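Structures for review follow.
Common to both upcoming complexes is chain A, partnered first by chain B, then by chain C.
Then we have the complex of A and B:
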């Protein structure tokens, strides 16, 4: 039996607006992630050396290619806001869905916090004025972007498309400006990455570097949050996500090559602005200023997309009564989940002022890796409960279950990588998820309507 | 199967639940920061001789450090601040047990809830 793909139905309430195309999906995914090239990936060099940062760029790229393939299949079929949350609800069960939504909210909110800190620190560093702090810039960034999200998704993602494209082009301009085909003039890879320092901690450092290797691509899966607002989910989501992944793989490779060829790994591992520093080291004021502006734009685009995604995950929790239904309101004029946007605003502000950059990044990475672990199991369950041919899929990913196995194995390695240096933080976070799960399972779930949670027009899953 | 009708939650109950979630979020994110559990486990391997050679920097590296505004003295704490990857087996075992226990609970409890959802959804038809 084959069932046609239809959008999820949620009664007669005001719904989100279907106005987005593949370019917006690309802008949402790449916009969230591209900031990772401007800061964050380089902490992988700190954990394992410059060569380790390159190795994880490729291997983690494989992890995310698996994520994009798996996500494209499930999301092009489960076309509902909340992305992986809606997937978990229909495929695994309510408690998993509740947890996945929290993974999403934490991953995106902490990423937004990281973006705001980066933006504030970059402006303060550029200004070079004694006594100037980043606080006002952080607050302004978060509040203005929340307002933009409040006003409408189309305007939000149009802005993201433009600023993401400018930031991306700046990486390409930097790459070609430093004559990447010759060594010795500007780039000095052979003298900076030597046999003696390429892997300063050996192979254990390579594994440890997986943690921040995630930052090259973290958030690309956020494209799925737009599932209920794209005009054609089955076409736009796979195109936008896969195009985004290809874009990011190219940007990551160019970024590593330029930065590792211009800075000692010890400095590369601790700087907050590797690409801006690379621009400065070229000696060209034009490139320096271009990369300064691009760093700000990348941070803005990422924070903008994160607010969009975190709010939709929170909104979905309210709509299904997993949290009070107050959060599920859609603005009557702008058609946005405005209460969720406003609720998450002070949380982001609070953490932007109490956490530092790499702590916020680690919080975000932890939630991301928990989510990817879920995704690797989720796709196997999806194929088992609704085998190919039983429902119409917008996209069917090849080589199943290989991408799921690769993804699961790489998640296990990344958990070990986080343990190497950030183990206590990992245990604390998982303890939180465990306790909040008990609260949901034994208390909150009583307020949830059972059958109403399943909104897809699919046949009964096999085995039930 | 009879259809489950959830109890209506009072306004006060909804507010209480929101407060619980907010407090839990802050505790989860703020407590590790407050207790010093967050952040990288690094320490500085101090050197007596603070020269570029002693810090393992060749002339190219040294020239870049200087271009970035560093001297051997100011770069010392950056270069010598290292991770020390010693696998603490008890902590690793605890971490693995916590993670596995968490996922096993998630999938088992979710499956119980999911069966109710499927039964109510499809038995109605």
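Then we have the complex of A and C:
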């Protein structure tokens, strides 16, 4: 039986619910990223030593500050689910938009997979029980979080806010517990990082460290996926994204300082749990358990945000007929893109059970960097086609085009770093995007209603 | 305790997955496809944004 929807929003239409505020935007962005402080960034030390990990913390911080500034300006103007996909569609064109949406879905799904594997491995490491595998914990992480996302965005991001805040506060507690103002008591930075071992592989080690330096901040741009569900996109998105970036810069600096002052770079570069290990090294069972729980919460928050973002990107593709419109369904009660959430669920589970952590992380980073490269080009085109004063912007980023140039140059360096470590994966991924672009251009685009996809009520771009 | 937690994780996963499948079936058979896929990008912006500088 088919019935008409009673609590409809626009007549008999169902759309995503506008219920989020700046705190939810912060929770989405920082929630996705913070797991990178608990694992990931430290592999930069293996590539170039402890000082290289600090240098990339700052330089990659500059990359992401540029990302946050650029993203805030464009998203405060193009406030639609799909984030960078909707931006690319309006500013560059459909083929770019299709690729950007795939970058987003891959980056977030693979990050979700990595988070679930990390969570499972952390529990198994803590338990130390023979015969206990991570599979059940991986399944529970992915399914429970998918269920939460299915049930509504407000509860999903309320949960993310609480668990992200606890994980963040644990870093602050650890920092102040080790007397950061004195050296020699707990922290021994001057003994562990000396002129002789600070950069064991020289400056090429610093370049190589970029690949894992990305982990300090990977995913902050995910805030834009909430654009269609925040009450005031022009205000909430720049505010939440910038606050998130400041929070992360502080967390990254504290994390490096504590970990590099407690562990030699040879160990720091290979451990999967730098902060949990730092908690153990303090000798306090309370700190050890706090950092264990915080590692799990950070992984959960990240996976939760990733499910939210990947589903919205996939949903947007369906809504514009870039994929079958079946994916663009919105749940009439929970107001979530429920079919996209359900479609991506078994894919994430399959990757989590068959892929290893390194492969999943590398695919996520690669898709992320491809997306950042696009953003540097996108903002230049945006300012050229719609100069300041031609349309209303919620936020205007300063020093244009300097952030775009910095972003593009740092992306090139990061690609080189990835090529040094995972050259074959990089080539395979670029080949994949090239082939899928051919499929979209020669086959799929015929199903797209070309006039319907451009929805922003803007004037004609300059030069057209 | 850890093994019990592992079995509980499997149990919760199966229950929630089945619930989502049930709800999906219920929604898809209750509402028309036109209603479910009626969301349009930029709908609110078209109403509220006049782009007056």
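Quick notes
As a working rule, the second predicted complex is superposed on the first by the 451 of 464 C-alpha atoms of A that agree within 3 Å, B and C clash if a C-alpha of one lies under 4 Å from a C-alpha of the other, contacts with A are read in each partner's own complex, and residues count from 1 in each chain.
In this text, a residue touches a chain if its C-beta (ideal position, glycine included) is under 8 Å from a C-beta of that chain, and two chains touch if they have at least 3 such contacts.
Treat the numbers as computed from the prediction; the structure is a model and nothing was measured.
In the superposition on chain A, contact of A:444 is made with chain B only, not with chain C.
In the superposition on chain A, contact of A:457 is made with chain C only, not with chain B.
Counting the residues of chain A touched by each of chain B and chain C gives the higher count for B. In the superposition on chain A, A:94 makes contact with chain B only, while chain C stays out of contact range.
When both complexes are overlaid on chain A, the residue A:326 reaches chain B and chain C alike. Of the two partner chains placed by superposition, only chain B is touched by A:430; chain C is not.
Judged by the touch definition given at the top, the superposed model places A:205 against chain B, while chain C stays out of reach.
In the superposed model, A:284 lies in contact with neither chain B nor chain C. In the superposed model, A:177 makes contact with neither chain B nor chain C.
Overlap of the chain B and chain C contact sets on chain A: residues 325-326. If you check the complex, the residues on chain A that touch chain C are 1-5, 8, 10, 12-16, 18, 79-82, 86, 123, 127, 129, 131-133, 136-137, 139-140, 143-144, 146-147, 150, 228, 316, 318-320, 325-326, 328-333, 338-339, 342, 345, 389-392, 455-459.
By the touch criterion given at the top, residues 3-7, 9, 14-15, 17-18, 20-22, 24-33, 37-42, 56-58, 60-61, 64-65, 67-68, 70, 75, 78-79, 81, 83, 85, 87-88, 91-92, 94-95, 98-99, 101-103, 105-107, 109-122, 124 of chain B touch chain A in their complex. Partner chain A is touched in their complex by these residues of chain C: 2-3, 5-7, 9-10, 12-13, 16-17, 19-21, 23-24, 27, 29-46, 49-53. Here chain A touches chain B in the complex through residues 46-47, 88, 92-97, 99, 106, 110, 188, 191-192, 194, 196-197, 201, 204-205, 208, 262-264, 266-267, 270, 277, 281, 321, 323-326, 347, 350-351, 354-356, 358-359, 362-363, 373, 377, 415-416, 419-437, 439, 441, 444-451, 453-454, 460-461, 464, going by the rule given at the top.
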